[in-house]
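The following pair of complexes shares a single chain, chain A, combined with chain B in the former and chain C in the latter.
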Partner chain A sequence: MPKSIEAGSPFSIQSGGSGKGTLYIAGPGQFIKQDVQLGSSIEVASGSLYNAGHYSVWLSSDSSTKTGSIDVVPAQKPADITFIAKPSRLPVAMHNAITGSAYVFDSYGNLITKPMQVSFQLSNAGSAPQTRTAETHNGAAWTQMDSATREGKAQFVARVGDVSSTRIVGQVPGDPCNIKMNAKAAGNKIQLVTDPVRDCSGNAISDGTIVTFTETYGAEKTTVDVPLKKGVASVEIPAHRGATISVASGVVLGNQIRWAQ
Partner chain B sequence: MSSGGARLLAVVLAGATVGLVAIGTLWPSKTAAAFASGAQFTTSAGTPEAAVRSLGEQIRAKAYGRAYESLANKGEFSEQQFRRDLTSGWPDLRTYADLSEFQAQPLHATDTDATVRFKMVWSTVVGPSASTKDLHLVKNGGKWQIEWPIQKEPVVPPQVIPVNYLRWDVINRSSADDWGAQDVEAPHVRIVDMHPVQRAEGLVLLGELLNEDVVPAYVSVTATLLSKDQKPIDTEGSFDDISHQLLPKQVTPFVIRFPNVTISQVGSVRMTPFSTLISASADPVIEIQNEKLTPAPDASLTGQLTNQSGQIANVAHVLGTFYDQQGQVVWVGDQYVDHALLPGTPVAFNIHIPEDLARKVSSQRTVVATYSFGGAQ
Partner chain C sequence: MLRQMLLLSAVATGLPAFALAADEPTVHVQEPHLQGPRELQETTAKAVVQNYLDSWQSMSKALDQNSPELLDRDFVGSAKEKLAATIKEQKIAGVRTVYHDRSHNVQILFYSPEGLSIQLADDVEYDVQLSSGGKSLGTQQVTTRYIVVLTPSEVRWRVRIFQAKAQ
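The block that comes next holds the complex of A and B.
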């Protein structure tokens, strides 16, 4: 009887004696019972044992029982790769902020523990892809990548042999940079409009991002949280002579205007 | 049961029924009395204060018809307008509130007219809500009558308000996906400020939370107090002392209360911000006008909310963050506004600031969370 076989491989067991017997094989998640003719080679068909692990074997006849064991190891050919990429969404221009972990499996779903080379590639539209190679340890390989400076969706691919898995990583604009607003009179109100708000890499900040306008006059003030629409934030607030108007988004401050009209 | 026992039970039940009917007739509940025509209310109007108390009883019993009939200036408005002044014309917190208590405080009186301060405390689904009216009374034929200072419901002119609002919807992974398949990333949030304050009722943690992502987030904050030997003392959450929905780059204050804990017991604090994706809309936009800090005594932050969008906000929750001269958070206060925010119609708010902390307050920042029927918006 072989000491070990690859998952799903056929194998044979030489038996002694004569007459009828029964072969029992028990292991992780599998149990086989097979009537056999003693004194000849017992064939176990391809695909019979496929879960990797340690199996116990019993060959019993009317007069005796012989025992043994066999190890089923994962097949050498990768058939599937499970790829976990995190995060699925992150700001642009972050160093080593994207991690990818790949787990290589054979066609029966056994984790292939033999070291294998896994290549990782992160492709962004309009720039050269980043490529890394890592060797699996106990079936897993991982890497880190930088996010691009341009916003957009990146394809993150893990490949081993001719098997690959793809994940999408959303690269979104970072914090606003240099928020600038302009003010003009609109009747008895002031119309405030920002320039298109961009991050420090030049990407347009996402619509819906909150921009806070604050007008301070004497001991009073007016505040409005306005979401960006089509890249700009716009609002009308009451006009107060001598008021100071400021703009901010999150923890980023923009310019200040003193309303003299 | 024997026939004698059954007869006895029938007699007892009949007697109890007659007794209960008699009790209900002789001493009816206030609400029941409101629907009857009897004179069970305190109808005395011999003094201005008594007239206001009588009105309070009628409002508490929701006997709006009788309350309306007792007014001196009822010719200026209809009973329906009076009722809407008390219970709101649009669905909001007041619509589902009861007048739980009231006070009548005489301010001024002559032989023919008087002024009484009428303080009402309404029980709403988010807690008590107080409102005060100074009522002018006139004496008509030996009886004091109230001139109700009606605030007529604002009328939004019929119009079409174009809204090109932003909205985010979320599709999460399904159970059929491979375990390695990505789910949509939870929003990235960050605590940008945290400060403990010792109060008489216990330890209070104040802070601010920023949504630094590009998607809306549903947020909350939990804190665990650890003793000096790193053993947990207590874990509490921010509950409703926070604006739960944060749009991208929006900041909310939060308060976490630890009753009966003193700061001397605490070695460290473990803060756990929670965030998850939420379908949300960027509207309505609420302008906070005329924000003003009134110093102690009776320190408060007052202002007005104006809905700049077309959608009615049924409930508004105003959160004020108060800072000292160094920019450190010294207090967070809040108020639920019990009237719906109609487009372009200002509604006042007033957030109380504890007197001992009011002296430290140098600046403030206000945020508003609104809820429309059908969920948070």
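The block that comes next holds the complex of A and C.
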């Protein structure tokens, strides 16, 4: 009996004695029982024993039982790759913030434990793809990638041999880089309008992001939260001569205006 | 340190009973030898090893009783499918197998960056007994290395890949 076979390969067992017997091949991954003719070569057909693992073998007849064992190793050719990419959505320009991990399997679903090269590629429209190669250890490989500086969807591909798996990673604008507002009189009010708000890579900040305007006049303080609409925030507030007006979004503080009219 | 931690904490959880009772396997847990950037917390390592050892109990009972439902708590995915198929084949053949694990030497090898899988290796010694029609055909002693991948479920880590690796 061979010491090991590749998953799904045929093999034969030489048997002694005569008459009929029964072959048992038992492991957690698979069980086979086969009636056999003793005294000849017992053939286990191609595709019969395919789950990788260690198997105990019994060959029994009316008068005796012989034992042995056989290891089934994964097929060499990768047929499937399990690929997990995280996160599915993140801000632009983050270093090593996208991770991918992969497990490589043969056509029978066995983890291929011999080292293999897995290629990871993260492609963004309008910029050169990032590529990394990692060797599997016991069937597992991983990588880390930077998010792009431009917002948009990226394709994250893990490839081994002819097999690949793709995940989509959404890259959204980061925090505002700076905020600049302009003020003009509108009757007895002040109209405040920001310039288009962008992150530090120049991406427009998403509509709905809250911009906070604060007017301080003597001991009075008025705060107005306004969502970005078409990239800008605008609001009208009461005009007070000598008032100080500031603008902020999240942790980013914009310019300050002193109303002198 | 991890092994010490496991053994110390095991005092509270009953783990040493595994090692003290004659019927139970001896368990040695090595320091993790991790590839990957994710830090492995000791509580996570403890839970993974404990859940993995529990899975041997479940597997042994399931294969002995030919009851695939006993796999539900500890196995998932391809590991569960393969074990369930084995049980089905055993039932059809009218046989039972009894797996008795005698010792485990466990080491965690990989914690995936996103935290959704942990891989470990186990140099395990076990006995497997085959019975057909109620008659024992004998017991074999096995020493082999298992490569195991566990993934988190609601309350525990469950075995997703369970594969012996040829030495």
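Here, the second predicted complex is superposed on the first by the 259 of 261 C-alpha atoms of A that agree within 3 Å, B and C clash if a C-alpha of one lies under 4 Å from a C-alpha of the other, contacts with A are read in each partner's own complex, and residues count from 1 in each chain.
One rule holds for everything that comes next: contacts are C-beta pairs under 8 Å (C-beta built on N, C-alpha and C of every residue); 3 or more make two chains touch, one makes a residue touch a chain.
A quick note: this is a predicted structure, and the numbers were derived from the prediction, not measured.
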| item | value |
| --- | --- |
| Chain B versus chain C as contact partner of A:Tyr103, first or second or both or neither | both |
| Which superposed partner A:Arg198 touches (first chain B, second chain C, both, neither) | neither |
| Partner chain in contact with A:Val226 - chain B first, chain C second, else both or neither | first |
| Touching partner for A:Lys33 - first (chain B), second (chain C), both, neither | second |
| Which of chain B and chain C A:Ile84 touches, first, second, both or neither | both |
| Touching partner for A:Ser165 - first (chain B), second (chain C), both, neither | first |
| Partner chain(s) touched by A:Asp71 [first = chain B, second = chain C, both, neither] | second |
| Chain C-contacting residues of chain A that also contact chain B | 84-86, 103 |
| Chain B-touching residues of chain A, taken from the complex the two chains share | 82-90, 103, 165, 167-168, 170, 172-173, 175-176, 206-211, 219-227, 229, 235, 237-238, 249-251 |
| Sites on chain A touched by chain C in the complex | 4, 22, 24, 26-33, 51-54, 56, 58, 60, 65, 67, 69, 71-73, 84-86, 96, 99-101, 103, 109-111, 113, 137-140, 142, 144 |
| In the complex with chain A, residue positions of chain C that touch it | 35-37, 59, 63, 78, 82-83, 85-86, 89-90, 93, 95, 97, 99, 109-110, 112-114, 116-117, 119, 121, 128, 130, 132, 137-138, 140, 142, 144, 147, 149, 161-167 |
| Residue numbers on chain B that touch chain A, as the complex places them | 164, 166, 168, 178-180, 182-185, 192, 210, 212-216, 247-251, 282-283, 285-293, 308, 365-368 |
